[in-house]
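A short worksheet on the structure shown next.
Chain lettering (A, B, C, D and E) follows the sequence in which the chains are written, and residue indices restart at 1 in each chain.
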Amino acid sequence: MMMFALPALVLIPFLGGFAAWIAGLRGATRPAWAVSLVTLILMLLVLVNVTLASLSAGTGGWFAHFSMPWIPLLGINLRFDLDGLGLVMLWLNALISFPCALLSARNVSERAGLFHFLLLSTIAGINGVFMATDLFLFFFFWELMLLPLFGIILIWGDAGRQRAVLKFFLFTQGSGLLMLLAILGLVIVNAQRTSVITFDYFLLSQTAMITPVAGVLMLGFFLAFAVKLPMVPFHAWLPDTYAASPAAASILLSGVLAKTGGYGMIRFVVMLFPGPAAHLAPVAMTLGVVGILYCAWLAVAQSDIKRLIAYSSISHLGFILLGVFSGTRIGMEGAIAQMVAHGLSTGALFVIAGLLEDRLGTRDMAKMGGLWPAMPQFSAFAMFFAAASLGLPGLGNFVGEFLVLMGTWQVSHTMTFFAAAGLVLSSVYSLTMMLRVFFGPRRSEASSPLGALSVPHVAVLGVAALLLLALGVYPQPVLNLSVPASPHSVSYAQEQAQ
Amino acid sequence: MSFSFLPNAVLVLCLGSLVQLAAISWRRHVARDAVLCVIVLLASLASIMLPTFLIMTGSLPLFSSDSWGSYAGALIILSVIAIVLMSRHGAISADPSVNSEYFILLTLATLGGVAMTCAVNVISFFLGLETLSLSLLGLIAFRNERLDAGEAAMKYLLLSGVASATLIFGFALIFAETGSLRFAMPDLSHLPEPMIGTMGVILVLTGMFFKLSAVPFHLWLADVLEGTTIPVASLVAVTSKIALFAAMLRYFSSVNLGVPSAQVNEILIVAVLSMLGGNLMAVVQTDLRRLLAGSSIAHVGYLLVAFLSPQPFGVASAAFYLAAYAISTLGVFAIMNGVLPQGRDIREWHGLFRRKPAAALAMSIMLISLAGIPPAVGFFAKFYIVAAGVSAHQILLLFVLILSSTIGLFYYLRLILIMLTPAPEGYVSRAELSMPTPANATLIAVLACATLVLGIVPGALVDRSQGIVVTPVPIPVHSTIP
Amino acid sequence: MNAADPNGALIVAVILFSLGALGVLVRRNLLFMLMSTEVMLNAACLAFIAAGNRWHLADGQVMFIMIVAFAAAESAVGLAIILRMHAAGRATLDADTGNRLGG
Amino acid sequence: MTPIPAIVWGVSLVATLLPLVIACPLFVSIILMLTGGKLPARATTLLVGAGMGLCALFAVISAYSFLTGPDSLGALHVVLWNWMQVGNFTAQIALSLDRLSLVMMLVVSCVGFLILVYACAYMYDDPDIARFFAYMTLFVASMLLLVLASDLLAVFVGWEGVGLCSYLLIGFWYGEQANAVAARKAFVVTRVGDALFLLGMLLMATAVGSLDIPTLLAVGPHAPSTTLTLGMFLLLGGAMAKSAQVPLQTWLPDAMAGPTPVSALIHAATMVTAGVYLLARLHGLFVLTPAAMLACAVVGFVTILLAAGSALVQTDIKRILAYSTMSQLGYMYLALGCGAWHAAMFHLVTHAFFKALLFMAAGSIILRVHHEQDIFKMGGLRKDMPWVFTAFLIGSAALAGLPLITAGYFSKELILGSAYEVSPIFWAGALFGAFLTSIYIFRCVFIVFWGGHRTHAHGRSGMAMALPMAILSVLAIAGGWMEMPDAIANVHIFSNLLSPVLGALPQEHGTSLLIVGSLVPIAGVTIAWTLWRPRDVAPTPAESPAIATLRADWGFDTLYDRIFVRPFMVLAHLNRRDFIDRFYDLIAALTQGSGQAIARLQSGQVRRYAGWIAAGTVAALCLAV
Amino acid sequence: MNIVLELYGLIAIGATALAITRTIPVHGLLYLVVSLLALACMFDELGAPFAAMLEIIVYAGAIIVLFVFVVMMINLGQPDQLREKGWFAGGAWIGPGVIAALLMGLLVYGTQRSTMAVGTAGTPIGPQQVGLTLYGPYILTVELSSFLLLAGLVSAYHIGRRIGGKS
């Protein structure tokens, strides 16, 4: 059962997507929506099952495994393995995918079937990324998950989407090709040493390499993940893309997709190339800090609410970079916690931004203002997530940021100092957003009746808020569970030998 | 023991063209001729699998029967079958009653192409090449009432004349230096004065690059694709390139291309220029065919990366890439031909997803494949090529490849994007949507499925391509008079 | 009979080849361009004959025959195209003007 | 293995009640948030009253049983759960009750209770009363967590929590842009301190391996002294921002934009004193770092004078009180810097009493004169509202430190004495500050309550407002009697209470200081009377550029605006489109341009095409040569 | 050294140079015929009498005549001639001249370095020998060349044919 759970996590959303597409062919929105929801619930059930099985296996190791030959001549297998990190990321993906599907009903009035197909395909691809341990398979999913998203943004996106989407794609694909180079380089180096062509993560992790080669190979991986994360100065695609995306896509992008970059950094940069990664760490951390400050600074000046959230998102992701490369356990845990918390909080903020755009017909904050009395419940949620985003202790983001800072402090005091300055700036932009959107006198443009929140919205935002709160006050289960397993994990090697 | 033979496919195609001629001389019937053409092509395809029919012993080897030749020959024949399927009688010429020649020329072009891929002697290669060229000329100018077609043919004629002359001049220099007409790059290190041999090889390369349309010998391609009909354009862009690339690979198979030399440097520079130039050129095109010309040039550059990488990946990845390229490019042309034959301006393609979703989806799959994104076959093909390049440590080429494929992404995706969005305000469409013929529709469906299936399960083709070897061209016993 | 020097013939071939190339590059009249390609082919023929002489092989002449066959076919097709374009309304034989393809 | 969170429910009564002290206001807050303003005002006030009453009751009971309990000299530790545990770093959500936190808990819960009762009346007619009390009770809960938490990181939760509530409450009337801007300013400025606090915690955690305060106090002294000094400076920075000390004081005057009970609770009695409390809790480490202590004293000293100077020329009654709060906090910092922990804590307590009282009285005035806050538009209110007058007078007297009868007198004397011990300059400055204090507060009293009517007062303050004021009035007078210098009476209830935690009260000084200290406030009041006693002409505020600067907080605001805020914002707006993005645009344009150039090669002229072929061949031949 | 060969070579070069610079097509063609005849003589000198005959018969006799036919059919007049003259104005020569000169220089440089020993040269390779080679080892290429000619034939036939309204 556990054996097939992993491929099922990819196949279920994909097949469900097909079913949704077929269900939506008649033009009705409802059936496709329902199929999509059922699929997600099914996926969640499988995930629960996997989690329960994993919990009994203890932490820090590999929980589940699946392998099947794919292109045997090149040593390429359909290989999935699951460790704590992957499991936590899968959960994040599953949680984020619900609002995407739930809240789509409003924006997506036509071709809903196609929308759900694309959405679920993206989710399937992301699931694959989080589990694949064959490097070719990983790369396959890595590229694959973007394609449906491309469609979603293009078909249902806002003005300027064409430019944005092209930019997004060029950045990610271009860097992806660098990663492909690195993967192949690793495979070839390994093949020269062992005369076996394999793309297996575990086998490749044992490749002995001379430093310059390893460094160059690592750089290929690093750049691909740095673009996806994104790291300054490769962030230019993100604000445009987030701003132009429909709500569901921006939730997915900010909530999960960016985290694939962080995930990759951990699994394929730090774990696979520990030595070179340590050499790169000062650069990566500096760029992380620069990103934290620079993008927070940019966020302050934005008038488009989605762009503001987008820049704030990059700023927060700098902490992930910082934590991953701090080289400390605590920093790494912090980075993982930050990924989860940031996924939830930014995802929720995009739900809010999407709703605002929906109700007001604009994203320009200059045309908003004084919305609190018109939509108190909604505004309270916004306040909550703004507080989470500025790192209020007691909410999930703080745990991540604190642990990251703690990890960083052990490495560099200066960097920690500047990163902490980012906390001040985060309060500036978060509160500026609150000020310009919800406080102050009511703008005349925004005087149309805004209405109450729908039940799905309340549910989504409420669940996100509860999870953030839970993560904030009792993060220990996540911290325990999310320990990334080493490719050299002894117990796993034994298990494989049997 | 040396022996001479005619490859089965060549033989079948020769006979087939005669049969077609005879059929025409009996009575003209266009549909019959088309069917006949397909039958001939299928027969030649089948004959590739069979042992050689016609062997003459004790003679000079003119053709080889290795797996590379069979594979490339099969690809050529399959691509021509696809081209026959996408040919619509109304579009080939103004007066469909004369279309019988069209099919004969297609058969002859196939004949030339297959002969080239198997040729191991300069003379047989030359004849194959020129048979293909002359047939192409006739096909390019087939709608001869059009000035466009005439101009395209004229350009092709003049430039290909120059290129052919250069090519054979190069052969002549090599012949003068080595005294051999073996179709294999001479081992220059054993020559007393290698420079003239090197110059000969470079002149030969000029001729080959011209036919491959590699930068800077590429300028004719866009004009020819623009000037002729869509099926012929795909013949130029796909079939003739496969044939030439196959021959070129055979020509250089006997030398180690990992060792730097003048000709290796030239190929390297041309590869870099082709990848960059083709993609950069395509970025700014507004005419779909010229855009595809740029794309085709760029793909030649990618192929050259595989070309420069030694065994085991080099040949296998080139073989795979040729198939992927053929499938995807033919797919694009087939869709153009079937859905929007007048859709030269890319703005005509706006909103195709709304107007013809299936065709637009197929087109997107093809473009994704050309761009090298999973799950289409082009992804694995590019992966394979990069693997070959990495194993050969072609750092420069790989970086250029990555840079240029990123540029390439831009225009492929822009096309998809255009199909997804409605036409801009004020653009008056002149092209009309047409209904693809059943044959064309089938072709599109088959190609789209092939793109996806081979993309997801490339194993079978990988196994096939890994098994391909280019047997070294035999050193002939000199053609002394018996 | 004196022994002919294939080397000298080769130089003549090279010069002829370059002259042919010059003709293609410099002439705007399609007819002359076609003629120039014939010159280039001729140069190649000469080179083959000279090489055949050097190695005392008949292969050079065989190749010559093939080239002549090709030259004949090519000029026939080329002239046919020129005639057809003329008939289809292209005003002059100028290769530089009246082009519809390009850009 | 997953460690099971260690929830150790204490067997004792205190251990059970202590979490409830925090939980009561928290639950009230959650209920109010979840009901989303649908509760009627009466239900809301009842709920708040009950919740806060229970909170105060539990606090008192637990304080009583702690003091009477077995380990009343030590600390009681209640571990609720393991917050996070990574590697060898552990943070717990744990409460600890010792005598220091006990005092603070009592102040917060009891004063908080009184102010919330007052607020029930004050805010009764506001349509958003539920939101108001949701924030207020959340604030109380956060403040109690801050006070009781045993782990610095948990303290930080409360620390930021009160900051957030302060932000929300300053911006409570968000309809006015200015209020929301003031709220943001308050949060951001204190956030600067929070960042420093966080850095200090990181440093301590790294040096000590734990943020648990008892561990810190036990292990911390063994840390290298530079580390310790740096850590203390960072924590001091955090405390200063929270307590609005120079140079991070600019947010407090603007924070008066919130409803007056907010000012009373947050910006006078509790939150702003959190810094003082924090430093007092860490006094064991603080005392080891003389540099940090000196800095603390200097900061307090400067703040006393600057704030008193500003208060002297304010026209807004709440701003006068705000500056006076800053000034009084300055006294506490001076005391901390001088190592007079008892004095600082004592002043904290008395200040909480009289400043809350002053704010309540001011609030009552404001409410009854149609939300007029300019003192020069008031006048002669003595007769309209005698009870409020009395309360305000008592508060003012305590603030000015009128000798013997006010609580402020005793706490201030204690500080003055210890300041003299460290440096006579500190003493003299603080004394001068006291002089200014009595002038500015009685200037306010005389202008507002004497003279002719310049505004019309209406209505009456209800019981719910009067009672808390009455209680606080009593405390503002009698609170001081807990601790008297030996020269007056040998009463040391307060210092005895805290001695087990803070150590013994230092040696007392002669009566000469005491006498000088007693005369100065009286002199101040006299001067105030001569300057602002009722005359025929209505008093007007003095105007001159110097005074305007003084009134505008000595120009700090403008300065910060010029050197920090404006360059930051202007540059940010200039770079709004992100120059890195432009760089990529440039690359795109280059690509496009080279594409155009390459496409232009295809001129359509076959000669040129042939030319390129020939040129390519020539170039390749060059390779061969 | 073979003075005769050099002489023929010079004639061929001169005639070719004149052929490609004429303004009147028929003049150009006539010079081309001279060049071809000189080449034929060179072939003969190089021991390829059969090739020399073919050169005269097929090239000069058939192909050039084809050109002459076309020139006659197109019937270019005086204006074309004047225009051709105009095209020869100075600047037009620079680029092509440089490229061609470079091409020639490089190739001459390359061939000059070659030390071509005169092997068994001198004995001509007669028609019989050529015939035996052509119909011996190269028999299949003869067969293929017929298809080359077929392709040329079909192409030329189709292109030359009138289609559409004019017919």
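Heads up, the rule we're going with is that contacts are C-beta pairs under 8 Å (C-beta built on N, C-alpha and C of every residue); 3 or more make two chains touch, one makes a residue touch a chain.
By chain, UniProt protein names: B = NADH-quinone oxidoreductase subunit N; C = NADH-quinone oxidoreductase subunit K; E = NADH-quinone oxidoreductase subunit J.
These numbers come from a predicted model, not from an experiment.
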item	value
Chain-contact steps, minimal, separating chain E from chain A	2
Where chain A and chain B overlap in contact partners, by chain label	D
Most central chain, Cα average position	A
Two chains sharing the most C-beta contacts	C-E
From chain A, the most remote chain by mean C-alpha position	E
Most distant chain from chain B, judged by the mean position of its C-alpha atoms	D
Centroid distance [mean C-alpha coordinates] between chain C and chain A, Å	64
Chain D-chain E separation of Cα centroids, rounded to whole Å	100
Averaged-CA centre spacing for the pair chain D and chain A, given as whole angstrom	38
Interchain centroid distance [CA atoms averaged], chain B/chain E, Å	30
Numbers and ranges of chain E residues touching at least 2 other chains	95-96, 99-100, 103, 106-107, 110-111, 114, 116, 129, 132-133, 138, 141, 145, 148, 151-152, 155-157, 159
Multi-partner residues of chain C (each touching 2 or more other chains)	6, 10, 17, 20-21, 24-28, 33-34, 50, 52, 54-55, 57-60, 62, 66, 70, 73-74, 77, 81-82, 84, 95, 99-103
Chain pairs that touch, as defined at the top of this document	A-B, A-D, B-C, B-D, B-E, C-D, C-E, D-E
Residues of chain C that touch chain B when the two form their complex	6, 10, 13, 17, 20-21, 24, 30, 33-34, 37, 40-41, 43-44, 47-48, 50-52, 54-55, 57-60, 62-63, 66-67, 70, 73-74, 77-78, 81-82, 84-85, 88-90, 95, 99-103
Parts of chain E lying in touch with chain B, wherever the complex brings them together	106-107, 110-111, 113-116, 129, 132-133, 136-141, 143-145, 147-148, 150-152, 154-159, 161, 163-164
Complex contacts: residues of chain B adjacent to chain A	353, 368, 371, 373-375, 379, 383, 386-387, 390-391, 398, 401-403, 405-406, 409-410, 413-414, 416-417, 420-421, 457-459, 462-463, 466
Chain A partner contacts - residues on chain D that touch it in the complex	1-3, 5, 33, 36-37, 81-87, 89, 93, 131, 153, 156-157, 159-161, 164, 167-168, 171, 174-177, 179-181, 183-184, 187-188, 191-192, 194-196, 198-199, 202-203, 205-206, 568-569, 571-573, 575-576, 578, 580-581, 583-584
Touching residues (chain side chain E, partner chain C) in the complex	1-2, 4-6, 9, 12-13, 16-17, 19-20, 22, 25, 28-29, 32, 35-36, 39, 42-43, 45-48, 50-51, 54-55, 58-59, 62-63, 66-67, 69-71, 73-74, 76, 80, 83-84, 87, 92-93, 95-97, 99-101, 103-104, 107-108, 111-112, 114, 116-123, 125, 129-130, 132-134, 138, 141, 145, 148-149, 151-153, 155-157, 159-160, 162, 166
